[in-house]
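In what follows, a single structure is set out as structure tokens and then discussed.
Per-chain residue numbering starts at 1, and chain names A, B, C and D are given in the order in which the chains are listed.
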């Protein structure tokens, strides 16, 4: 059985494991204040072309989202998000647990638009009884989205413009940032993305690390006491060096991009195989996530040898499923899958 | 410079790293539902002699304490704790962040007593205006305590009796549980400890794992939806297998105890060296944490070659410092330290 | 200028003020433990025909909703609610501030259905990754709804059946309960409503009291420590007798119903005047809230002498507005309004 | 039976009830935006000699403390308070429920000192691992304290100086502010107090109103969105005019002071009667709260005709009790009590 269930099925890139093994018996201070964290932060600053950005390392995605959002919002503020956004549906209410409403806007292809965001913020401000409503205090986007789509440069610029004009911080969940940046059709690079947002994170867990997410505050003065918040939210890893070692490895020798490109290339091969057979898709994804719509019997057929996620029923006899590749996906496994698709 | 600052200075026991490396490219489901987590849970159940206990794996100590405590308490309840307890002083208010007061009781040698606990609970219940006060809803102990001491069997039994009689759950923070159980003078073993409490956790981070804490609910019906709580609090590791692999290794071949014994033995050697020179100690610790009281100049002398934590000033010219050994401490480094102590 | 803006424009029913004045210099214990609170609770138990129900008095609606909901839910649970529900839109995120997601379901005429609720709960339970999602833990309905409609007996019975079968508590926000029960077409009475739910509250603030909401737990064992929760949430009035005096007055001599009937009768007169002139309405309301749809110029005309709330724009030239009557509305003011409507 | 249990036994000053009755059928907007709230705020600004201060009205003390504190603190901050402070012991953990630790400092006569506060803040800042500890973010004082004592001008100035120098806001709980300002030996007046703090509140509930507390932000820019916080915390009274009417009455014609002076005068008479008989006291109180220490049999004697609170056992045969006078205490009742004291 070959699994295409997720991008966190395997351990990590071998280069990372080597680095952890080599340094295993070194003594380092804890809690992210070791030399490897400093080194990794410096490499990230270089990669995003922001020499003064503040970089913090956390362990997982839900933790990162809830820690960042609760650090930024005032108690009576909420975070604007697509209805399909991860924080709205798949984090067991971690944002609300931290005291904040997720203000969910309807989305198209997993995305919300600058004009939706502007309307949401302005209609609140213009409402004479606005004190009775949650104040929009932040915008959350996923890049790529949960269904593999990406914001174009012009879309993201427009959102960034609205956020700056209305003085509402913009935060990007980059759990799969590498796969997004390497997507087919992506016209944004990392420094450009960084220049348009206030906070974002660079996912490690789904991108070839054992675990870890690197939070970037583009303005270091934006949240100078964020380390308190990390600790309070249980996200400060005692052996912080593990995070430093992993991100230092990912951002050395272009590994982050190479691994992402590998995953995307294989995902597009899967997409093309479905396409050629005339299947349609839930979303126009150029990333490592592909959502073909199968008949129930076709899905059953494929499940004999492959495992993948049911995503959403599209009608009574059809279902959109998710195939997910990663840095670890093997070409021969994709070949087997393609043969099976061709045989449907 | 040799560091005795903490027990999380190095990476992990080589056996663990080997296991992670060997299994690196296997595909496993995420979030703690893989075979290694099942295997580790089974080994822990065997070690504690509780075939039905519920076992969960989290990443770090603060996260574990706040997740467990917030899962158990009702909103208006607080947790009884020694003033020196970790949750009271070193977790940036994570418990309060979760909505609960830490009801801090004065302690002796880092410990609180059954009678203090009973008095705290009963005086609340007997107060006619008790609804205006936080209701004691749980007891938190550290084993060993923050200053290396341990509860004796009779002390723990007495506390357990009070808790059961008054129907208040008893929770033990075992971040250093192995070092505690292997302490000089410890008359409790793991199954006995398990039999006396409702919840405890077996520390990994400070005990030779890269990270990880194993939470044990001795009654599986006590908190059947704890996985929701883990996820909501950002503690559910995507690649949960890493936790399973580590605890399966620690609880195979007696490794957890061997590593703990190694640390304690070296700590006692350090203690004896200070003792022989006539130094007194902040606490009567038989564990891997030793707190000799040095004059400022003696501390300065030792700091030329060794690093260790300042703990607390005992008078204007003296300071209690902390020497911490671990599974990774090398005998030759301890020998160097002992020589330096002898030369003071 | 005559205002139809809300049902809390004036002070209170004169009978209440008399009672407060008569007893002003009596000494009573605080915090709801005085004889007037006991007396009021007893009258409510009689009115709902539940001799053992637990009754608590709080000050305002947002406070009551957030206190009740946070007392009932576990941290990882959310509350099912219509998208238009008061807790979802007009309480500044008080529910989320207490840590819980509002699970908003689309509504028709302000109402959600038994089948929607069942589907929401069952789809969660059947989802293999349900631990990553907020667990539906409670159902919240408003009676009447925010747009003046009411659940019929058969609708409420069906919802109650689902809730009991699936063991999810049912809570009714009765901020305007009297106006709802006295609505045209209402086929539910107070004892029947009480028999179908787990918790509800009887609004005072909008029903002729100075302030105050009476929470009813139909099963006294459901939340025996609710007084802690009231206190912790700042809802325990020091001079609790004021709440007792008010509810004792409202539930003596049928005053609660008389005042409600007065308001509804006048609201229906307003409705009929709009109807006769051919206006349509946002909702089919038989309660004290009426939502005619006016052209912008008609609204402007009426605003010369009357004040009322803009509710929601229905198209570029029309707006649904809200006319609200109360126990205090004067017939002659309604007559003036009707004349103005006829003259439109 | 005459009760000296508290200062919220009776309803309210007759002048207030008259004002509520006279205006009962007027229509006013809700939520504190009516003319009476504006009028009351203006009178308070005049009384404190701060023409630009921001004034908000809330319903009760616990609500006010938790709403103010949670509006000011960042998530990782705590509030410094005397161990005997109301927020530390008698608010069912409302502050912690809002996410914040109460940092309790030992107190003398119910008071903490400038040097204690400074030491607490500086030792946190100088601790290299301060991110692991709760950051002191605010100072809370009660004036008068829970045991009736007051800060002198020089004590309060010293605390204010520390707070300003270290940029930590100073908040005064004035639930009994009038009784404090009219205390024997008080050398602070209201404008001076206002000039030394950042936030304080003027109690109504215990000072002759039916309920209500007036929060003053001396700098209106300090918390410009506080109304959101009030609403979210359930403290925004729908019929806000009731708060305006009450405070407008209290701050007209010197009523607030006259009523306070009355209570204090009678309390001092009680104190003097105990003093003459040689009783000692728990605290040196010149306010409306007196804490004589009685033998158990003396307490029993007095309880035949009078009711008063047990405060704290001082030894096995003696208990400190609390006698509390108010605006409503009658001279003849005090005379009866004095006779009973003399007969002990």
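In the analysis below, a residue touches a chain if its C-beta (ideal position, glycine included) is under 8 Å from a C-beta of that chain, and two chains touch if they have at least 3 such contacts.
What you are looking at is a predicted structure, and each value in this text was computed from that prediction instead of being measured.
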A-C or B-C, whichever has more C-beta pairs in contact: A-C
Chain separated most widely from chain D, comparing mean CA positions: A
Approximate Å spacing (C-alpha centroids) for the pair chain C, chain D: 34
Rounded Å distance, chain A centre to chain C centre (Cα mean): 42
Distance from chain C to chain B - Cα centre to Cα centre, in angstrom: 50
Where chain A touches two or more other chains at once, by residue number: 75-76, 91-93, 97, 99, 131-132, 228, 231-232, 236
Residues of chain C defined as touching chain B within the complex: 31, 70-71, 74-76, 99, 131-132, 135, 225, 227-232, 236
List of chain C residues in touch with chain D within their complex: 2-3, 5-6, 8-12, 14, 17, 20-21, 23-30, 59-64, 66-67, 91-94, 97, 205-206, 210-211, 228, 231-239, 241-242, 328
Touching residues (chain side chain C, partner chain A) in the complex: 75-76, 78, 89-93, 95-102, 129, 131-134
